[in-house]
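Chain lettering (A, B and C) follows the sequence in which the chains are written, and residue indices restart at 1 in each chain.
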Amino acid sequence: MTALLSLQNVSKRFRGLVAVDGVSFNVNEGEIFAVIGPNGAGKTTLFNMIAGALEPNQGSIVFDGAPIHGLAPDTVCRRGIARTFQLVRPFPALSVEDNVVVGALLHRRGVGEAHERARALLRRFDLFERRHQPASALTLPDRKRLEVVRALATEPKLLLLDEVVAGLRPTEVDRLVGVLKELNRDGGLTILMIEHVMRAVMALAGRVLVLDHGIAIAEGTPDAVVHDPAVVQSYLGAEAV
Amino acid sequence: MPVDVYLNVVVAGILTGLVYGLMALGLSVIFGVVRVVNFAHGEMMSVAMYLAVVLFSSFELDPLLMLVPIAAVMFVFGYVLQAGLINPFITRPEHSQFLLIVALALIIVNALLIVFGPDARTVQTSYAYDSFQLGPVLVDASKAYAGGAAIAFAAALFAFFRFSRVGTAIRACADNYTGALVIGLNVKHLYALTFALGAACVGAAGSMMTLIVDVTPVLGPTYTLLAFVIVITGGLGSMAGALLGGILIGLTEAVAGLLFTPSAKSMFAFAILVLVLLFRPQGLLGKRLS
Amino acid sequence: MTPAALARLGGGTSRHIVILLMLLLAVLLAPWAVNDYLLTVLIVILYSAFTGQAWNIMMGFAGQLSLGHALYAGLGAYVAAVLFVDYGIGPWIGFLAAVPVAMACGAVIGFLAFRFGVAGVYFAILTIAFAEFARIGFDHLPAVNASAGLFLPVRQATRNDVWHLRGSPTMFYYVILAATVAAFVLCRLLLKSRMGYFWLAIREDEEAARAAGVNTFRYKMYAVMISAALTSFAGVFYAFFYNNLFPEQVFSIGRSIEMILGPVIGGIGTLFGPILGAFVLTGLAEALNAVMAFYGLDIPGAKQVLYGICLLVVIVALPEGVWPPLARRLGVGKDKL
């Protein structure tokens, strides 16, 4: 299997604090890869570097054969990486549909076309009924789903999900997990996710990377990682599976 | 041009700059703690200047003596303004808060215009034309007193923030809003107090400024812009930066006025502003904003 | 196309279309119904409505607060005026010349600001600095007569000369009316376009917009340049209507603030907001003038105090502006906003 995303020895320092220290891993095309670890382990910093919001001090990030480290976020998105945010960021005053249209317009030049694609996605994600409501009026779970839909509208090859099921009830978690599984299996979408909720990790991830204090301490299948003594020792930050 | 002309201009510029610095200090304190961009700062200074003018013309009271009372009046004004009008806007979008203060500035300038008319008012003290001879330099007495008063006032403010309990509490609010709330500080009151202190600075500076320039209502917006140039150049949130910026701008204006036409002197201040905003947005002494 | 079908197209009801048509008729026939003074007032209102819409593109759509828009109007005015006074070139050609100048200035300001991360209030201050720069600069520029002012020759023409914008107030009225309507149509088209969506995304959350693939730098630049170009037309109109230009007035920060009052009071980001705001503000100002005239008072500055109070009231009590709540009351569809 080809590595769609490849990180080599990536580090990020903030003035004295080393947030990410020499992390290397590959994400293969078509797989679902999870990054877990206690709070402050550097997971979101890692994401931000992949997505272009931050520039690594050291190391390389290669996507689809081309280096992307240091590129601007919108360029990274155009290359095929879409992301969600840990603290949801919809466009509050815009309607649900318009939110998704913004994403769809990346690859669809016509506004009408973009609306069609947006509506199709909204139907799939069960947000069609609320498509005219302003995003600010949505509940948290719906806003999270909206962000995922907006990200998907940009037709990415790789989807970065930052704690996308945090704060959701178990039934909502299962629902979202189901849709993501479908997208991965039927659509061939590669997913890289940061997660605390082990229920989602165990259900989705093919492989897992564990970060602690910026260092990768374990990598492997969910089962292997969960039983790894090093991982068990550091705080897993998980609820019961 | 002979050297002593330059020296005179430089010294005059520095002294005026100190008063500018005090004005900007008020803005820096307000922004550094309350995070309000006080676009009515210069207008508030105009109010203080007119106060001084009225006290002088009606009661022959010297602006330097009236420094403290005028500062006190502006203190109260500032407190009421922050606690009453501006405070609810802390959580509103940035441009809302800004436009609110723009509205205030508009009202103040034109209210002053209505009450006092467009003609210039001056304060002619007994020492208005005196000067000291310090070596080769001829120093204007008014400017010297004003500059000295500015330093004294600024020093008092520094001491307040450094050594008093309230001052420390205010600095805590600035550093960590939530933390301050958690330890039980009455942040709303402290914010109002800070705005009041900023206003007091402006009051004092305004008082001193009447010794140096003629007073017209249109000065308000000019001083607001000047205050921003100084604070951004010196560094937001840095008190020493505000004074340093003030001196720098006072100097630039004076020298530019000498070398080019006096009416174009603000252009240099603006050029500096643009350069600072682009290349060193944290200013000379400010902390790097993330 | 039946009125009902037309109404549905615009997102309203037939009743709305009838009202709109009546308003349109009133507006078209106004010069015959009102005296010269009121006509001038209407011209001022439409001028405000036009500049308000131009400014609204930058702020209401793209979220960039400019407090130095007088710069573009001033540039438009001076470019067209100088071309006319020195070379006899008509204002419409003058406008064609002014547009690149205004766009270039906007591009410079935008580039400097956006490349160096100057945003929000700092951006506003930057725009003020540039406008002030222009004001002081033009005040010392011999080519435009510096602070003494530039005057356009006014011939007593017997007929209206639209090409040279020389003529009766009625002519000017229709010109600015056409311009305001054109601006409205343009704004609507822009808002519904791909660029419009990107602008709104940038306004709402720039970082999220970037994460969704929007090239925020490019689209912010477009917003600034289009807004500048449009505003320069207002300047051209101003020069030929008032026939005198003083840098102190034309580039003043007071002018810039006056330009934003309409949209802020009417409703930033809406289509009708700037227009409604212009009517409300000028209406109130005229009411004030009438009251003062009645008592034989002449208080310079009173109008500005009124403006300041209106702004204050709107910001505190009606943060969305006057139009959105009104629109909801009238049952106008979201589309028309």
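Just so we're on the same page, a residue touches a chain if its C-beta (ideal position, glycine included) is under 8 Å from a C-beta of that chain, and two chains touch if they have at least 3 such contacts.
Just so it is clear, the structure is predicted and the values come from calculations on it, not from any experiment.
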| said: Using only Cα atoms to place each chain's centre, name the chain farthest from subunit C. | reply: A
| said: If I average the C-alpha coordinates per chain and also across every protein chain shown, which chain's average lies closest to the global one? | reply: C
| query | What whole-number Å value describes the gap between the mean CA coordinates of subunit A and subunit C? | reply | 43
| task | With chain centres taken as the means of their Cα atoms, state the distance from subunit B to subunit C in Å. | result | 33
| message | Distance between subunit A and subunit B based on Cα centroids, please, to the nearest Å. | response | 49
| said: If a residue has to touch 2 or more other chains to count, which residues of subunit C qualify? | reply: none
| request: Name the residues of subunit A that each touch 2 or more other chains. | output: none
| note | Listed in rising order, the residues of subunit B that touch subunit C in the complex are 37, 85, 92, 94-96, 98-100, 102-107, 109-111, 113-114, 118, 217, 221, 225, 228-229, 232, 261, 263-264, 266-267, 270-271, 273-274, 277-279, 281
| query | Which of the residues in subunit C end up touching subunit B in this complex? | reply | 59, 65, 67, 112, 116-118, 120-122, 124-126, 128-130, 132-133, 136-137, 139-140, 253-254, 257, 260, 264, 299-302, 304-305, 307-309, 311-312, 315-316, 319
| message | Quick check on the complex: what are the subunit C residues that touch subunit A? | response | 192-194, 197-198, 200-201, 204-205, 207-216, 269, 334
| Touching residues (chain side subunit A, partner subunit C) in the complex | 51, 53, 72-74, 77-78, 82-83, 85, 89-95, 98, 101-103, 105-106, 109-111, 114, 132, 150-151, 153-154
